[in-house]
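Every chain is named by a letter (A, B, C, D, E and F) in the order it is written, and numbering of its residues begins at 1.
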Amino acid sequence: MNIADDVRSKVLIDALPYIQKYNNKIVVIKYGGNAMTNEELKDAVMSDIVLLNLVGIKTVLVHGGGPEINDMLRRVGIESKFINGLRYTDEATVDIVKMVLAGKVNKELVAHLAQHKGKALGMCGIDGSMIRCHKLEAEHDLGFVGEIDEVDTKPITDALNNGYIPVIATVATDSNGQTYNINADTAAARIAAELSAENLVLMTDIRGLLRDKDDESTLIAKVQVSEVPFLKRQGIISGGMIPKIDCCVEAVRRGVNKAVIIDGRIPHSILIELLSNEGIGTQFA
Amino acid sequence: MNIADDVRSKVLIDALPYIQKYNNKIVVIKYGGNAMTNEELKDAVMSDIVLLNLVGIKTVLVHGGGPEINDMLRRVGIESKFINGLRYTDEATVDIVKMVLAGKVNKELVAHLAQHKGKALGMCGIDGSMIRCHKLEAEHDLGFVGEIDEVDTKPITDALNNGYIPVIATVATDSNGQTYNINADTAAARIAAELSAENLVLMTDIRGLLRDKDDESTLIAKVQVSEVPFLKRQGIISGGMIPKIDCCVEAVRRGVNKAVIIDGRIPHSILIELLSNEGIGTQFA
Amino acid sequence: MNIADDVRSKVLIDALPYIQKYNNKIVVIKYGGNAMTNEELKDAVMSDIVLLNLVGIKTVLVHGGGPEINDMLRRVGIESKFINGLRYTDEATVDIVKMVLAGKVNKELVAHLAQHKGKALGMCGIDGSMIRCHKLEAEHDLGFVGEIDEVDTKPITDALNNGYIPVIATVATDSNGQTYNINADTAAARIAAELSAENLVLMTDIRGLLRDKDDESTLIAKVQVSEVPFLKRQGIISGGMIPKIDCCVEAVRRGVNKAVIIDGRIPHSILIELLSNEGIGTQFA
Amino acid sequence: MNIADDVRSKVLIDALPYIQKYNNKIVVIKYGGNAMTNEELKDAVMSDIVLLNLVGIKTVLVHGGGPEINDMLRRVGIESKFINGLRYTDEATVDIVKMVLAGKVNKELVAHLAQHKGKALGMCGIDGSMIRCHKLEAEHDLGFVGEIDEVDTKPITDALNNGYIPVIATVATDSNGQTYNINADTAAARIAAELSAENLVLMTDIRGLLRDKDDESTLIAKVQVSEVPFLKRQGIISGGMIPKIDCCVEAVRRGVNKAVIIDGRIPHSILIELLSNEGIGTQFA
Amino acid sequence: MNIADDVRSKVLIDALPYIQKYNNKIVVIKYGGNAMTNEELKDAVMSDIVLLNLVGIKTVLVHGGGPEINDMLRRVGIESKFINGLRYTDEATVDIVKMVLAGKVNKELVAHLAQHKGKALGMCGIDGSMIRCHKLEAEHDLGFVGEIDEVDTKPITDALNNGYIPVIATVATDSNGQTYNINADTAAARIAAELSAENLVLMTDIRGLLRDKDDESTLIAKVQVSEVPFLKRQGIISGGMIPKIDCCVEAVRRGVNKAVIIDGRIPHSILIELLSNEGIGTQFA
Amino acid sequence: MNIADDVRSKVLIDALPYIQKYNNKIVVIKYGGNAMTNEELKDAVMSDIVLLNLVGIKTVLVHGGGPEINDMLRRVGIESKFINGLRYTDEATVDIVKMVLAGKVNKELVAHLAQHKGKALGMCGIDGSMIRCHKLEAEHDLGFVGEIDEVDTKPITDALNNGYIPVIATVATDSNGQTYNINADTAAARIAAELSAENLVLMTDIRGLLRDKDDESTLIAKVQVSEVPFLKRQGIISGGMIPKIDCCVEAVRRGVNKAVIIDGRIPHSILIELLSNEGIGTQFA
């Protein structure tokens, strides 16, 4: 793409008020979905994060790792057991989850950021006892799935203050040292809250919240958290959107300034969301 | 101008390596010429500087103020006296120069940066005894025109460390407290050297150094300072270019990484020079 | 003057408790009147300030510049227009005011302090957006005369912490960047309040508040701010004293420990006021 | 074990000069062998490290993870290929190595230290680009086995300064982001050198260097690095001892004060080595 | 005493939770009685303090000096005058007390700690105006015996922050500069309270609080301060124990976490009390 | 003494350049002789030191205590034994010396400074192992008289940095913990050297170095250290002056900017020396 100098300068100057707005503020990005499996999208996310960090936005990356976990479970011959559509995590499974998330996905993200000259530190909820959890009580026992008790943000803020981008895998331990897997959206929301982040960005594989789920032109750009129950009753928030939007609501209720659901399938959706006028997804505030 | 999101994100990502390169480095910009009199260009310069500062480039603005000085001299009825084309600066004149540069132009730049949400501190060579000078010895007496003895960069680095953009008017005093006017290009070069700046940018009203002065397509993009004497002998460097290029050479010799002459008539020439691939003017290194 | 060693040592030791009292405290001095036009008095003020600063009193100098403004207005042929005795400040006038105050008087004070080895930084309300104002609403429109909205003391405390004497010219901008002239007494009082200064010293051309305005022996040394309305009703506070004393009252009400009106016609009146037993003028507390 | 108070106090006081000696110094411990597989020994090592850290010795833990790697390779059906007794590490293998070391062993050590109230941060050579490596050139190609180019100790010293015990898995990347496995002894020696550690402790499964390898009573307590070539020629240093002792020699040559080989099969061998009179293994200095 | 390695390591590991508990906390030790006159006990106390300090417990030593004072009074021929069993302290006596406590005992303790490689700073209540007192009002005039008005802990915390063990002699001055002797137990309790110490340890020449004063097996290990009046009424707290226990109660009431009376006749009683399971004396909380 | 305001202000302004000269510099004052025994002189010295400290001169007070030592030796019946005019210091004597210097004189000076609102910390060479010495080897054994090995200035600079005036008694220990008395002039010179002091001031009971010892009008105001041997040969430097002047020479040789001998019998001689034009004694540089 050949871009004229005047376009270049206009884009940069257009970004100025947004850079000013987020300057020295914390933005927590939950990274997942297509943006994590498609190499081109992945590369775009990595360069976006390095850029945001460089222009003075304190960026924290929280990630899941579904496909790679499934792949490894398959390789070691662990059969996935589902209860009401939710995976049952037995001890052998949580062991694989920990390895894949904290040892493979996490380190590959750090290495990828380094390829863009970004200095990152990989960590998980176990490091510095960052996340303390207990067994999630659900209708049906889900095994070693954890619910967060408390977050000690010191390892994260230490990393930020020392000039690093923290990259966080969401496994954690309970008080006996037992490992649990924690839902990455939930963890990102809670981390954002404990950091008093300016913004929580959840990357998804949908366009945002649509008034008509089959028509992308009906995107709802802004939602007050107080409207969410009504939107649920209307069926506009439904299915897989519910837990993600609940995370947004929870984050905003605990003090995050705004939470947005963006479409990770669009290259550089993070940059467009944060550094341009209209934003790109659905914002909760 | 309506710019698509993909262009926006490409421009921002393209800027990444340049922001990384200048991150936490000092860039001294000598502001003058058309870019200072044309309101639209002026506004572009101000927003460029605020942006550079925001993305972590420590920007120092050094300015002259020719037209406003002439205007005020005329208003108070001081007749300009020229010797071999150089203005003779008598005591009444230097008084007006000081007022206009340090009291009008300087403060208006600070106020203009504030309109773009840039926090700036105006200062001149007298503040904190930043610049110490003596009477310039020239073939013909030029009156109160000063030559720099030493620069105490503390007021500048204090301002940078405290989060401000330093804006500097180039009047100074000798050891007896007598005020002198100092050539702004020279002062910018010396300040850049004392700050060990990464880059000195001189804004001019020409395209750069041209091999054929009537053909802008013959722009010389890069010059080694060792080539300058040869280019002078060839007549390629001649006339009004000589003192400007001598400033560039002096800055590089004293440790500035590179010095560039850019065309201030092009909007956002500073951004284009610093944050894009090719640069825009003639660079001395 | 030949002074014996025992007198010297006694004077220094006598100053000890006063130096202790003001040690590390902020004193704001409004400089104006005769002390600013008479060269000998001026020199005494400058050395006083350098001494105070050196013995650990954080000294802030706020200045006006009446005569020099009048002189320059006259030179550029702007006729002064008065409404009920107050000058109407049109756009051309405020331009001159800014130049003279921030570019001439301010820098000459900085240079003068430097002659006494005092390190000072000149600044005005525009620098670092220190003073934000709006148009003063008065019975008759006075043009570009400003009323302070807020004071950001950071540029002042930065200067103090970095070891400089801040010298402040009282011009400022509104939110649109328009320049206004601000009464220096009022600005000094407000700055003192925002800095939680120990003392505000207003230099005037009278002996202080006199019970009988024609008899200097009737000087009132101390006034409680609660007595001021009564003294006004009695006519003891009257005429040009009213705005000055209102500034003192305002400063004390906003938390300044005490405010004093001293006679700037007496050489070293600042030193005598601050470092000797009786003080020299009228103190409001 | 019932221990009398006078014995307790004597032991503590006996430890005093050793605690003084190592106070505020860095000790790098290479953890491996039996001490890593036997649960009781493991628990002893964890409590030793927490204690050392608590009494002011800056402890850095570097670990391998042989058995767990083999176990996982077996589970995913990767057959181990050996060349002259050295494992060939193909891409699939290095992937497993990274996961097991950085995601399983590393995090379990951090969790185990937390059970003893030790605050630790797990990291690997990829984090913060701590270890940069290239492909090890050996007689026969060993695949993705790396040789260290440089160590950036900042992530380690940041962790120490922030009050954490750094726990380091020795995988790293080359300049293209390719992952390599690095021998943990070698990495520990190099890290100790770059940190100017006081002591490098290599935990092994032998008693130390024996003059007669079948008689533990012939333990050599101290060796000068200059004697090593002679001991090799004599056959006293031979077989699997050679690379370990070469690491010790290398560490001492690069500035580590001393390097010791201790018997990890003895519970609390680290404490005995560091905090008692005789030491327990073979020391190189 | 020949102690096996496994005993050594067990003792050290057993101390771990206690070192963790007191880590970075302040412990004030009142040193006196037999532990101060018996050379062997003295040496044990000094090494205990150096060890505690080294393992991160901020140790403050407060001392009396009875026997040495008596000895010097005798040497200069001052006859001791007693009123109801309490010494009357005339001006000549307080002069000797000051000299002996602050000049002899204090400095010898500092020198003794230095022999164990402990860095200590000797000071008394006069230094930095640490302790301000007035004449103690008692039924019968006791002369220059002081009662504490206030404690400025800055000299103590400065010493701790600069890495020294503060050693404090309890003489102080009133507002006129007159010296007074202050009871060391009382001063230690007050200093502990002002420092928000974790623990106040009073060394005595008895086993602790005994239910039957003739049977050491009836030692009461823990007392709630609320039980003290009852224990006094029962006669279990009586005689010389009363003032010491009142100090403990006072310290706990003013915020010290716990206060203990230990038997200074047992070697290393401080270490046993602080770093072992059961403690050794009577604890008030 | 009734002093007019103009005299007061002149004296203060006259002191300005001297305060500037010594600002933030260290001045070591050796206090002794009449200035220590005469109450009025003593009071003057104390107020001088508080004033110097307050105006930003880092003042260190080193003291002897001859008469008080003699008095106490007499009281305890220790007979003074002299060898060639020098006192033989046996063990009993050094014990008294330590008590009197570090426990009486030192603390009384601290208390006296506090009466003038000066915050001081008393210390001796034993504190923080500040002065390490060994037995002075002299022609005839002088007992426990020490010669300085090394000075650790940390306790002194800590005190200065924490805002205290250090007051130092010159007793110290050797590596075995044995106490020695150290000549206070010698110690002051060495301390000044180790602190890179600007000035060493030795207070004596003579006018200074006189060309004719019976004529005070022949005072030599300045001496180059290189002239000293010549002045000794001439007999101008003789008798009791020799060791004092040797201290001055030694201090200057080791880097102190200048050393002066002043007449402590003149009230406020320190102020006059440091803060007035001519100085008052004999200066060595």
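One rule holds in what follows: contacts are C-beta pairs under 8 Å (C-beta built on N, C-alpha and C of every residue); 3 or more make two chains touch, one makes a residue touch a chain.
Nothing here was measured: the structure is a model prediction, and the numbers come from that model.
**Student:** Under the touch criterion given at the top, what is the topological distance in steps from subunit A to subunit F?
**Tutor:** 3
**Student:** Count the residue numbers both subunit A and subunit B use at their shared interface, divide by all numbers used there, and answer same if that is over half, different if under half.
**Tutor:** same
**Student:** What chain lies farthest away from subunit C once each centre is taken as the mean of the Cα atoms?
**Tutor:** D
**Student:** Measuring centre to centre, with centres taken as mean CA positions, what chain is farthest from subunit F?
**Tutor:** Between subunit F and every other chain, the largest centroid distance is to A.
**Student:** Need the CA-centroid distance for the pair subunit B / subunit E, whole Å please.
**Tutor:** Roughly 69 Å, centre to centre.
**Student:** Just curious, how far off is subunit F from subunit D if you go by their C-alpha centres, in Å?
**Tutor:** Averaging C-alpha atoms per chain gives centres 56 Å apart.
**Student:** Using mean CA coordinates as chain centres, what's the subunit B-subunit C distance in Å?
**Tutor:** The computed centroid separation for subunit B versus subunit C comes out at 35 Å.
**Student:** Could you say which residues in subunit F touch two or more other chains, in rising order?
**Tutor:** none
**Student:** Starting from subunit A and stepping next to subunit B, in what order do the chains sit around the ring?
**Tutor:** A, B, C, F, E, D
**Student:** What part of subunit F is in contact with subunit C in the complex they form?
**Tutor:** Going through subunit F, the ones touching subunit C are 1, 3, 5-17, 19-20, 23, 44, 47-48, 50-51, 54-56, 116-117, 266-268, 271-272, 275-276, 280.
**Student:** So in the complex, which bits of subunit E are touching subunit F?
**Tutor:** It is residues 72, 75-77, 95, 98-104, 106-107, 110-112, 114-115, 119-124, 126-129, 154-155, 158, 162, 164, 171, 173, 176-177, 179 of subunit E that touch subunit F.
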